[in-house]
Amino acid sequence: MNVSIIGTTGYGGAELLRILKQHPEFKIKSIHSTKEDVPIWNEYPHLYGILDKSLKGIDADQIADQSDIVFLATPSGISGELAESFSGKNIKVIDLSGDLRIPAENYLEWYKHAPANEALVEKAVYGLPEWHHNEIASAEILSNPGCYPTAALLSLAPVVKENLINPDCIVVDAKSGVSGAGRALSRTTSYAEANENLRVYKVNQHQHTPEIEQQLMKWNSALKPITFTTHLLPITRGIMTTSYVQLTKEYTTSQILELYNSVYEKQPFIRIRPENSFPSVKEVAGSNFCDIGVHADSRTGRLTIVSVIDNLMKGAAGQAVQNANIMSGFDETAGLGFVPLYP
Amino acid sequence: MNVSIIGTTGYGGAELLRILKQHPEFKIKSIHSTKEDVPIWNEYPHLYGILDKSLKGIDADQIADQSDIVFLATPSGISGELAESFSGKNIKVIDLSGDLRIPAENYLEWYKHAPANEALVEKAVYGLPEWHHNEIASAEILSNPGCYPTAALLSLAPVVKENLINPDCIVVDAKSGVSGAGRALSRTTSYAEANENLRVYKVNQHQHTPEIEQQLMKWNSALKPITFTTHLLPITRGIMTTSYVQLTKEYTTSQILELYNSVYEKQPFIRIRPENSFPSVKEVAGSNFCDIGVHADSRTGRLTIVSVIDNLMKGAAGQAVQNANIMSGFDETAGLGFVPLYP
Amino acid sequence: MNVSIIGTTGYGGAELLRILKQHPEFKIKSIHSTKEDVPIWNEYPHLYGILDKSLKGIDADQIADQSDIVFLATPSGISGELAESFSGKNIKVIDLSGDLRIPAENYLEWYKHAPANEALVEKAVYGLPEWHHNEIASAEILSNPGCYPTAALLSLAPVVKENLINPDCIVVDAKSGVSGAGRALSRTTSYAEANENLRVYKVNQHQHTPEIEQQLMKWNSALKPITFTTHLLPITRGIMTTSYVQLTKEYTTSQILELYNSVYEKQPFIRIRPENSFPSVKEVAGSNFCDIGVHADSRTGRLTIVSVIDNLMKGAAGQAVQNANIMSGFDETAGLGFVPLYP
Amino acid sequence: MNVSIIGTTGYGGAELLRILKQHPEFKIKSIHSTKEDVPIWNEYPHLYGILDKSLKGIDADQIADQSDIVFLATPSGISGELAESFSGKNIKVIDLSGDLRIPAENYLEWYKHAPANEALVEKAVYGLPEWHHNEIASAEILSNPGCYPTAALLSLAPVVKENLINPDCIVVDAKSGVSGAGRALSRTTSYAEANENLRVYKVNQHQHTPEIEQQLMKWNSALKPITFTTHLLPITRGIMTTSYVQLTKEYTTSQILELYNSVYEKQPFIRIRPENSFPSVKEVAGSNFCDIGVHADSRTGRLTIVSVIDNLMKGAAGQAVQNANIMSGFDETAGLGFVPLYP
């Protein structure tokens, strides 16, 4: 099957190239960007001699003619329009941006710019594969979840769905590596200012907040607004969410783990850690895993849930390919068997 | 005034040397360790040509004879015994370890080894200078607060004391640089395993938990056990605590800031950030500042409080010297005017 | 084909697991260490759920019975003895240590401990695949080159063999990430002391010096001792060698590049960069590539040669598998198609 | 004495503020930049509450009226013009840029833009304090040496001046932290691309080359062009130069050290390490020291010289203040007694 990528010069796009280059079923047909006719290795010298393609301009008709799937690795605000340009063109669209994830009114409030076409947003399937396998399988337009929401939702799902927690007191303290901010230059992601530093940003204002809440409320309509905080870590890849919830009654860690294990038993990319073991972000680097550890504290009646992903993999390109596999009828894990790069 | 340091080969000890070498009032009389007769620059080449002293063995009588103050930069379990050996010897003792901070029964539960002499613990003044100035001024034995407790307590004090928050739902999500773990070698603090990583540790089991709770309860007896989580950051210096509390009624961020500003108005080392500004850990590196930023979220009624310190300075050696200044009748800021090293 | 690994708890061993787990031809039969009966994920949590094997003790007969190839990822001093224990046991041995690389008299001088059995050293094939393909193909005992020698030799070979340089003035300034020092704990590789640092070590005394010189002299007997300096970089993976040689007559950069391109034309893991492009270490991270860039300086008549590898891949486990492929008659690149992990 | 700073928003300017804020003799009168009326803490939050000044526009007359010394922490190309605008205005000028360091013809070739006024360049004193104390003492316009040249020249001076080495074979392999590239944003200094990386840049083309050669040739007119290579380290502060020279006859390391010790005996900021000890960059962080270690290799007859500085201190702002001290008749070390920040 032929695939194309738009927005190839960003980190999400580059990671798609890394995965797709080694994928057994997909073939990279063309790569696109606003920079035309530049060999991709000029932008990414690590691809020198590996991928002999040049960036092309964006012509929706031509892309739709030649490819079965197009990945939009473009920023929010641009993806929505691009997705629309592929409407009715017999090509599946997988959008990695936030444009198709939440309704227009929420979008405007949190993203601070105009939302995408409403019908399109409605049509798009929000694709968290562990929970939406069937919808994904038949999707034409897929909205790939955000990096933070992926880590937060996968780790909160069991206790939220099973109603084990107080619905009005969820705190998600999230930490992300710098690549999550994309390849555009900024002061806070410059080396001298990010290194040996930890910075909190968008306190109570991160645009992934409504995305997380929307899905949580689908699982449990009693859910109230959550507290969601984001920190910039001095690492390149990786997200950790440390979530705090109030248990409705006394549970032991091992009871909670039993639930998590049973919920995720068949999921190839979820690894529930045994009692007293917690994942660290490096233990999933370069892979599509989401690792989860929990601890129920009898002193406070609160449960601490730790979840880690590689933000460019399970948090972006890896999950996009996982979705593409499902949409194409392939094994969900095809081309995603990366063992974490450690150390 | 003459001062001596025991436990000079650890990072807290080395930081005491950096401060005291430049201090206008204190003179480093002798430095001590279990390694005898080793020039300090052998252990710390950055001191080559700056401090021409060798490590000596520990003789309490001799130290008490020659010095007015002794700093114990030794590990928990050892400090307590050393402190006792100086009892009645006409020398002020400042202990940087956890040995004199909490009562015996708590100590045993959280530190997992035998507590120090009870009378000594009782006699020791817990010295958070912004809150205990008078007790510190007359202390003979001073227990220097832990790094995490310093950041957490300074940032929680105003809302806890003023009763602005729900006393049974405090979550402190804390992150520390690697130097906080000391100079002893371990796998988790080795470069290849700490770099490009974020690791959660001692989940709901960190020994600083009772220290924080004890002080909070002195300020507000209604306080219930808190949730306290610690993460290991891939940085050398710096702590951030991100704390979550439930406000008892609606407050704006600016109202909360007004409170913080008025509480800390006269404190030279506390910097309350203006609205929409949050401190990052690098902005206090090498200095004795504790910077605090807050945001009240009207969606959830919760307050987010961010606090940063340099764990070796305000979290250890800097605060110890601040206490020594107060105990000696000097200006609290003497020898502590370090401008943060940025970038 | 079945393979076993001894010394699995080190970083070289762990990297072998990462590669072999995904290899199309080799099957990991057993993993060995002095730590017996420990699940490998206890040592390396990133392998949780991926590799369900436990470490076993070392029984040469049993290993030889069950496996076609054994990888020795053990330290120098131990590998030699292990290699000997497999003598005559109908199993191919690939040793990643320095034990079989240089003659006894050199070994003692540079390694400062007793060398391995001389006959074994003589029998072992030094396996730099780009230069020793045929010897490797028929080897029974293979000595895998050191990390620094791999980067240095591959980048110096063309000008040394073709006699383009002054044979008595070669300077190799080498820089390595911390994983090159192995997983044993040490002060210089602890996070707080390696981070934000650059350290020079073993100045003119690194044990890889005779290994480099020996091979260079095989290519050009006029070669004189070289100057070789090693630095510890604050990164986990990656080596760069910056080499300086005096050209015997005036050459342009493009003439030199022509030579390098023709010499390495058919080598799948060597990437010669075009004029004015130089490789950086991150551009080969996680892959088996060795990237080389050169610049001939007309002001000085000197040539600067820059070479980068991932020390755990082309500098250790990757090259070992490349050698195993050749020894087994597989395509040299089997299981080694890793695209560099960037960023 | 009153001092002003132009170009305060760059890292060199910020470091000047850190030093001058704590200086016993100089008072920061005004700070200037193209950004007018912005409080400095907006640009540098670490100065919040420490320095209550706002950036002002640049009015040479006013600055000259109010200040005794002006520091130009502006980029090359701008400094030269600014320096000229202060001509004849009864104010001492210290320029941290490259504009006044080398003659016009060299400047154009290496800097690739128009040089500063020739008379000005000629009048400016090149101020390496360890070697030009007297000229500095009477200078009106001072050209502060570059970061790389400072490390290279201080470490090469003894053997070059004393004619101990072959004058046509000097190789300086230099490595710098990211802050050396300034605060302007660029891809190569963004966190995700600089972290876990080592990059070589401007191979044989760095603009500091002629500055180094010019001074070396003043010391020894037989000197031939040198080879000078620069690498970008994943650290914020620090430079190491590893230099390779050919000794004209056999010298032991201890003989060379004797020379270095005698040459630099009275220099407060030069620390010559004892035999077998080499400095690492972190051992001078935040301080004005230049630490030097050497090793003479009897195998090759070559001498390896390692030199480290903090590029923002001895490589920029620290040395500028050292020069200002000398120009003002103060003790050279006034306000520069920073103990290195370690770890």
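General remarks:
Each chain carries a letter (A, B, C and D) given by its place in the written order, and its residues are counted from 1.
One rule holds for everything that comes next: contacts are C-beta pairs under 8 Å (C-beta built on N, C-alpha and C of every residue); 3 or more make two chains touch, one makes a residue touch a chain.
Here the structure is a predicted model, which is why all the values come from computation and not from measurement.
Among the other chains, C has the CA centre that is most remote from the centre of chain B.
By number of C-beta pairs in contact, B-D leads when B-C and B-D are compared.
Taking each chain's centre as the average of its CA atoms, chain A and chain B sit 38 Å apart.
Rounded to whole angstrom, the centroid-to-centroid distance between chain B and chain D, based on C-alpha atoms, equals 36 Å.
Chain B and chain C have centres, each the mean of its CA atoms, that are 45 Å apart. Residue positions of chain A touching 2 or more other chains, listed in rising order: 11, 177, 179, 192, 195-196, 234-237, 280, 282, 285, 343.
Chain A makes touch with chain C in their complex at residues 11, 14, 17-18, 21-22, 44-50, 179, 195-196, 236-237, 271, 273, 277, 279-280, 282-287, 291, 337-343.
Contacts from chain A toward chain B in the complex involve residues 169, 171, 173, 175, 177, 192-193, 195-201, 203-204, 224-227, 229, 231, 233-238, 240, 242, 244, 246, 278, 280-282, 285, 293, 295, 297, 299-300, 302, 304, 306, 308, 343. Residues 11, 177-179, 183, 185-187, 189-192, 194-196, 234-236 of chain A are the ones that touch chain D when the two sit in their complex.
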